[in-house]
Each structure stands twice: as structure tokens, then as C-alpha cells.
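Per-chain numbering from 1; labels A, B, C and D assigned in written order.
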């Protein structure tokens, strides 16, 4: 399980990525900044989903639902009560934590495919619920809610896009840092133990039910924070923005990026943000087919996700000739 | 002319090898045993023989046919019955269906019917439990079922992976008695892998001792039985 | 009362649609332990093959038979060429492969055949034979589902191949040690599932019209039905399908209205699963530590 | 932890530094079209569950290909960039920003879908990019006061509904109406429009409403419920596949109401033929386009031109599909707009020309249904004519309604 320990090279790499991320909005056009802003948003959501599915082994085909709740919390708060945008993000996180925790309780009794169905059902139902007459007063029903884009504070001389990107980046860094600490700590080990050896974990004295529901809550919290940020960035929420396909896309993100890998969620986020556009450029007649071929290609070339691929590549580069010799030997047979 | 001739076998899981340059043979119609402590690599030997380990290197010749690199099912079809560790029972199938699976590769219906009767005569308990779900059988019964399933293949060579494991002494004796019968009546060669050295050396004519993946001693079973080191480490007196 | 009966029968007719696809899902699950998300699109694609053949002038049953055979081989090839490569991968990786297949099949079909709806003929008579509540075709779909179910049961219970497939699904290592070519058993499972899916598609299309998204809605119901019935039980799949169909209609017509009927139906199904985690007819496996 | 501290300091330093360097963004309001090429942007769902509409975008592209083959407009070629948004609002925002900021298109035309266009409504108006021929029927696209850069294309769903309401009030004042609608903005707009049209009689006249989701396999259950309500008038607000199902199912269970079908699903080839032409007899709708399959237009000059274009530029697509007509008219409208603009290809002039169309009879529009706009009136198509299906064709009756 890479990604959880510290060493000098890794630290330098992380710092480099962070520096690059900070510099991005000042070298790229607004449109690109917007795109990378969405990458950050997706990365936060994928991180949450990866905790739940990758590290804890609970499959979710319905994280789009929590993403939607987060987005709507932000939109409703801003639209109805004029709450400042930056307040809505933690509120969305807390509300999603509660929602995820509550959903995690019945999910305790469901395993494997059954949990997949339950979460998928949640993802499918969410647009219906958002459209429901009884909630229309807040959700705006099928019309959705339009949000105003925040201006940069403190009189900073940067554009709205740049500010929003940096705002998202700060939150993303905090969320990554928290996740990293959580995952390498006691709770993180418990999560992995439950995934790999549920019965042994119980025998070791881990409160399996508590850890699983908490993981569900935290995972939903991440999705909610991502959802709130996504809503602010896109400036619009509507039931059509949160169809079941969104949940599937998130799942694709963590698998392509690398299950149970923190760095993987960044690759996954880049994939789900950019590959559909590439597919569109290749074929207007059947862009989905191109997208599907990309998926297959990535799965076959990097079965352990891009993170796994990078890790293997790194290992080959760093460890010298001894490995190569051994590899050659094994190939003889 | 040995039915099985293994030389220079190396194999393992993942990057590191468990077996190092292991060589042994089983005579036509003979009984050979490989003894060793837990973790010596006994099960790995059997897995490598049946093509279940991609890492296996060296030469494995079965009745003059080189079988290295062949798929498990192809090796099995050459007449190798493997009673795996953990018994490999199909828990959700009935006893009879388990046996049918064993005879899956055979087309000679009459002979299969005769073999059904034969294994039921070896293990009458299985006949009683014929229509019962195999998952509900006791450990001993499942071991009998595993041996019977392998016999249904009509093998020339039977590989047994610790058939005594976890069973009551009476049951174990029963099973070893039947193995001798099988060997004598059906002329099936047997490769027995065991921790229970005393029983195994009684049954086998040739024995090998495996320690940390290497053959450290070999010879006729009765000679090894007398060897002091064997007595101390494996027979416990 | 008349309307109520009508709703029930209409629910049964819909349920038969779900059941027929659920059977294909159960088939794949039995042989590979995966839920194939691309099953619906595969069925849809098969139905287009049949449509193209009928359009080219083939008689219905010839097209039907050819499509079932062709679908069998398509399933077989997909398993051998694509799914096999991820046989050892984590289940989620396999899920992504299924999603990739789903989007490719959907998009390619739309590209070849366009997205306009197509009329697909029914082999059953036009006039209702079973009273006013259910059309002959709908009754026929129920009948075909039951026929497929019985055939599957007989196949698995009484043929050596069926036994080999069950054995492979349960314990691949032991099966290989019995000389069973397990790789082919998996491919065969895919082939048979694709063939069943093709039948499902050809039964569904006359009711819902043929279009590339024909199965995307049905798939969810079929998965729900299969799981509710117990994912390894063909009988459970059929009963699950019929239950889901009726449940949804009654919910929509009398309980919560149409806007939330899917949501409520799903909640009920998940409720059932929480109290009976292996489904109505599923076997509970003994887990050993 | 020391290393942890280091990294935090580093991040902070970098962040502060980058903020300090931060430079303001240059706003570009108006790009003049280059001399020899006019860039136009659009979005369409080429992928995803709504990809049935993708053919509209392909038809538009095919039309501009024809224009370019004929030498372009005023000597300029059209570069029509139509991107896939999968009917997902966030992706529409992204693609529109790409078109506006990267491709620097002169204007946007024919962007499809209500939620998708809602997502970019504010953005394009803030940027001052003409956002015309918006391809949905929501009412909000005609609001020049607040959104002076946006103008819709279709007859609005609510205006269409009012035509049916008027018809019912005049011809069947004691009607009991049952409504089937798609559970989204499009369906609800229609329902809302009908209620407005019926006024205070709405509550008594509408006896049942049922919705469906696009993922529903069938709408049989809804039809049974609606029939059981005792309604004698059926307002069918559905997209093609469900419309065909509804027409057939109502017929099969012996329900013979006055059947009002929304304009979205009037295609003879892709709706009525699948439903059964004999089962479609008596359907009433409000038409404004010509249907390529409807035999009454077989010798029509417009239709001949359309068929010729279609066979040459879209040989792989289905001519039955009336969606292509929608794309064809939008594209020809854009071409007409550019001709009117002449050499003054500024965004302001585009909106000015767009808002000064008088009695324009476009090809493939029904005779008498003309385009009219003004600085206060941002609704392009505001009239339609009722038609009853007679088993072969849509028989128009009554006057053109609306203005």
C-alpha cells in the first residue's frame, strides 16, 4: 500500500505538485483554470469514495447522491438565505456526513453486490427526489438554482476563476492532508483490516460497525464538500447535473486512478475531466464508444490504476540492476 | 521406468522461490512419499506438478511426456488424480454430483458406473450420503469424497496432499488401508505428501524428506525409517 | 377493482421483462460471480441484429434462431477477448470493464442504426387470448421467461456441461483438478447469458420499441429483481422480476404517485434485502474462518 | 514532525508568492470575425442517454457544410464547432467556456436542452455573447430585459400548451383532462402552460396527472391509471418513444379520448408509424414544421430541397427522423442571420439583426408561420396550426394561431 509513508523523495514530489498547482491559474487561460478547478473538485470527491471503496472495501455506486446533496446545500444556502459561499462548504460537508452516516447504518447489513445495488439505487433516486414537488420550494424543482460567482476577497487583483481555483486548492490541500493523516493512523489501519479480513478485524477488537459507518460518513463528507465547491464553480445546480451516470463516473475515476491510493484520485480526476473531451474530439458520431475504448485501454495497460502503474515505473527506475537480473531469470521459463 | 520423473524443480509464489532444485521420481504402480514439516514446501511440490504455479521451472516428465508449462486440466487429463489440501469439496453439490465432476473427462459410461460402485465399496459412508449436500459432510467424509473424486478420473497417478490432516486416528487408518488397496488392486501409482511420517513410511516404498524447499534425504522407505535423524525429527522417538 | 387488476397484470407483464434479463444476469453470476452491467446493452445489440435480419427478409423464427446463436458467440468472444484479461483483477476493475462495454455497445449501436425507435415484430398473435388485461405478447413473454427458466434448470441439473459449469463457479481450482477446462466454462457462461439476453431483448422490443437505450432502464430493474430473488437462483430471478413489476405499478398508481415510484420501490427492495440479505431464494453460504 | 512542518511552510510560501504575482485577467468583449471565416459554437448531446438528439447537431453541421460548398456567406466560410455535453449542465458550462474563451466564437447557436442552457444563461449574458436559436421550448429564453443576449428558437412549450387549452375550451368545454408528462423541465413546462391556458377552469377540468421518468421501460401503468380516472381528454406530453407507447397502449386498452399530442412527438416516421398509423387516427397537435415523411409535402419545393440536401450530406442518417428538420431550420436561420448582418460581424449587430426579423417565411416551416422579433419580443416562433391525423397525414385545420 504505497502513498502512506513519508520519505524525502516523496516529499519533494508532493511539494513540486503543490507548487505547480499553485502556479497553474497564473499561467493558464481562464477556461483551463476552470477545468483544473473541476479536477480539484473531482479529486476531493474521489478521495472520499476511495476511502470508502478502496480502503474500506464498501462499494458505492451512488456517491453522486452525496455530491448532489452537497451541491444543493450550497446552492440553497446561498440562494435562499444569502449565506456566504465559503460558509456553505463546511455546512455541506457536515450535512453529508450525517446523511452518509445514516445511510451507512443499513448498509452494514448489505455486502458486495447488495451494497452495490443499494448505493446505485440511491444514485438513481437522487434526481427524482430533487425534482419532487414537496421540495420544489428549496430545490427549484426541475429548473434548478443559479448561483453567483464569488469575487476574490481582500481586494486581491485576481479574476473570479483564479480566486475560486485557489479557494478550491486550499480546501483540497486540507482535505488531502486530513485524509492522509486519517488513513495512516489507527482508523486507517482498521479500515484496511476490515476490508481484507473482516472476521479477524472483529477478533482483534475493532468495532467493525462503528468504523464502517464512520467511513461512510467521512466519505460522504468529502463528496459533499466536493459537491458544494462544484456547485459554486459551475454556478448552477439542477437534477440533470446529478444523474446516476455521475456516480458511475466517480467509480471509474477511482479504478482508473488506482484503488486505495491517495495520489490515484488525482489521476482519476484528470481522467474523468479530460478524457470525455478527447473522445468528443475524436468522434462526433460515437464519442461514447471512444470513451469506452479509452477505459479498456487504461484497464489493460494499468490494471492497478495509473497510481499502480506510476509506482511500478518508479520502482523500476529507482532500483537498479539487481531487479532486472531477477526479472530476466523469471522470464526464462 | 518411473511414471513420474521430476528433476531440478524450482517454484514459488510471487518473487521468491519456495522450492529449490527438487528432484524425485515415482515408479510405475509404486508408492512414493514426501515427508516434511509444515512449510517445507510439500504442497508446493504437488501444485507445481499440476501446473498450478506459473513460476515452476525444471523438468517434470509424466510417463515420457514433458508436462512443464501445460495447463492444469491438460495434465489432469493425462491421468493424474490430485487430492488437494483442504480437500477441494464442492460444498453446494451433492456427494454424487461431486463424484460426477470427478468423472467429467471420461466418456466410457459403463466403466464410470463400475467406478461409482467401486468407490462406494471402498467408502460405504459415501453411498449412504449420496444425495446429501457435500457441505454437510464431516471432515473425514469429505476426505473420502476427495479421494473418491480423484479416483473417478481413473488416474494412473494419484497425488495426495496430507490426507490425514485434522482427522481422527481411526479414520486415518481406514483411509490409509484403502489407499493400499487402491494401489494393489487398481495398480495406481501414488505420490503421498505427509506430515505423519510413521503412517506414510509404512505405506510407501520410496521416501524423500523435504526441508525448507530442498530434498535433504531420500531412499527406500524402510531405510529412512531406521535413519536416526528421521526418527528424531519425524517419528518422534 | 378493474383498474387494480389491470395494474397487477400490467405489472406482471413488465415484471416478465425484468425477469428475462434477470435470468441472463443470474446465468453470468452463476458461472463467473460477476454482475454484468453490460448485459442489457448486449441484449439490445442482439435485438438489432435480429431486426437487421428481419429487415433483410428473413422469416421471424430464422432470424430469432440465428440471433440466439450469433449472440452466444458474441458473448463467448467478449469473454475470451476482453473479460478474461481482467480475470484476476479486483471486482471493481471488472465493473469498469463492464461499463466500458456498456458505453461502447450503446454508442456503436446508435451510430450504426441511428437513435430513432424501431418496430420489432412479435411472434405472438395480435388479438388478446387471455382476456382484456394482458395482450398475447405480454402473456407470451411470461411464458418464454418460464420456458427459459425451466430449460436452465434442466440444463444445470441434468447435463454434464451444466454440472461442470456449476462446479467451476463454485470452486475453479477443484474443477481444474477434475480436468474441467474452466476457462471455457466461463466463456460458455457468457455465451449462454448472451443468448438468454438476446431472447429477452427480442421479447422486450415489441413492447418498448427498439432503440439503443431500450435496456438502460430495464437493467436496473433486472439487477434489483435478480438480487431480490437471490442472485444465484434462476427461479428467484423470475419471481423477483414479477414482484418488482407489480410492486412498482401498485406504488405508482395507488401509494406514492408516479414521481417517486421508482425511489419507493427501490427502498422496499433494499428493505427486503436488509432483512433477508441473500434474497428470497438465495442460498446462504457457510463462511469458514 | 519536522518534514511536515517544512512542507507546510513551503506550500504557504508558494501560495503567497503566486498570489502576489497574480495578474488581472484581460476581458475581451468583442472579437471581430476574421475576414474569411465565421466561427459559431454549439453544444449537443452526442453521448449519453440523450444522444438521440445528437442528430440535430450533425444536421446543423451538415447544413453548414453545404453552405461552405456553395462558397459560404458573403464570401466567408462557416466554421461551426459543435461540442458534446452529454446533456450534463456542468459539461455544458465547460464546453461553452471553451467555445467562448478558447475558440473565441463569434456567437452561439442551437445549444440544446433546458437544464444545459440554464447553466450557461448567466455566463453568456455576462460575457455578451449572442446565444441564439436556443434549442428548447422553455419560456425563459425570451427575456430581453434581463438576458439581452439570449433568444430561443422553438415555439415555447407553454405557448403551445395554450393553443391546446384554447382548443379544448372552445370545442369541449366540459372536458375531463388526463395528463401524462415527462418528469423534467420540459414536461412540467407543458403542464404549467396548459393550466395557465385553462385559467380558473384548470382545477375542475384536469382530473388526473401522471409522470414518467426517461428510464421507465414502459408507461403502461400510467395509461391505465389515467384511463381509470374517467378522463375523456388525454394530454400526451411525451418524447417520441413514450408517445408511441402511449398511443398504442391507449388504443389497445380501448381508451378513446380526445388525444392531444405535444409537438415534440409528431413525427410520422418515428412516432406514428411505430405506434401504428391506424391507431394514430384522430390525434390532434399544433404543428409548425414540415415532416419529411408526411405525404402532403411530397411535391413541396422546400421538401425537395431538403431531401436533396439530406441525401447528399447525411446519407447515413434516417430521413424519417424529424429532429433533422429542427437542425436544418436552425442552421438555415443562422445562415439567414449572417446574410442579414452583412459585413458588420459584431456581436451587437448579430443581436440587432436577430431582434429585427419581420414576417420571415423560412423553408420547412409551415406556410403562414413566420418569424417575428423585435427589441421587446425575443420569441422567434410564436404561432402554430392545429392538425388532426387522418391515418396518412397531418390534416391542418383552422387558422394559424398566435402571431
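Observations on the structure shown:
The rule is simple: contacts are C-beta pairs under 8 Å (C-beta built on N, C-alpha and C of every residue); 3 or more make two chains touch, one makes a residue touch a chain.
Here the structure is a predicted model, which is why all the values come from computation and not from measurement.
Under the contact definition stated at the top, the chains bordering both chain C and chain D are A.
Counted as hops between touching chains, the shortest connection from chain B to chain C is 1.
Taking each chain's centre as the mean of its CA atoms, D is the chain most distant from chain B. Computed from the mean C-alpha positions, the centre of chain A lies at a distance of 51 Å from the centre of chain B. A separation of 34 Å divides the Cα centre of chain A from that of chain D. Averaged C-alpha coordinates put the centre of chain A at 32 Å from the centre of chain C.
Separating the CA-averaged centres of chain B and chain D is a span of 73 Å.
Residues of chain A found to touch two or more other chains are 124, 128, 131, 285, 287-288, 291.
Multi-chain contact residues of chain C, defined as those touching 2 or more other chains: 103, 107, 110, 220, 259, 262. Residue positions of chain D touching 2 or more other chains: 47, 49, 51, 54, 183, 213, 215. Residues 160, 163-164, 166-167, 170-171, 173-182, 283, 285-286 of chain C are the ones touching chain B in the complex.
Here chain A touches chain C in the complex through residues 53, 59, 106, 109-114, 116-118, 120-121, 124-125, 128-129, 131-133, 199-200, 248, 251-252, 254-256, 259, 285-293, 295-296, 299-300, 303, going by the rule given at the top.
Taken together, the chain C residues at the contact with chain A in this complex read 35, 82, 85-86, 89-93, 95-97, 99-104, 106-108, 110-111, 220, 223-224, 227, 231, 259-260, 262-263, 266-267, 269-270, 273-274, 277, 287, 289.
Here chain C touches chain D in the complex through residues 2-3, 6-7, 10-11, 13-14, 17, 103, 107, 110, 114-119, 132, 135, 204, 207-209, 211-213, 216-218, 220-221, 248-249, 252-253, 257-259, 262, going by the rule given at the top. Across the complex, chain B meets chain C through its residues 50, 52, 71-73, 76-77, 82, 84, 88-93, 97, 100-102, 104-105, 135, 149-150, 153.
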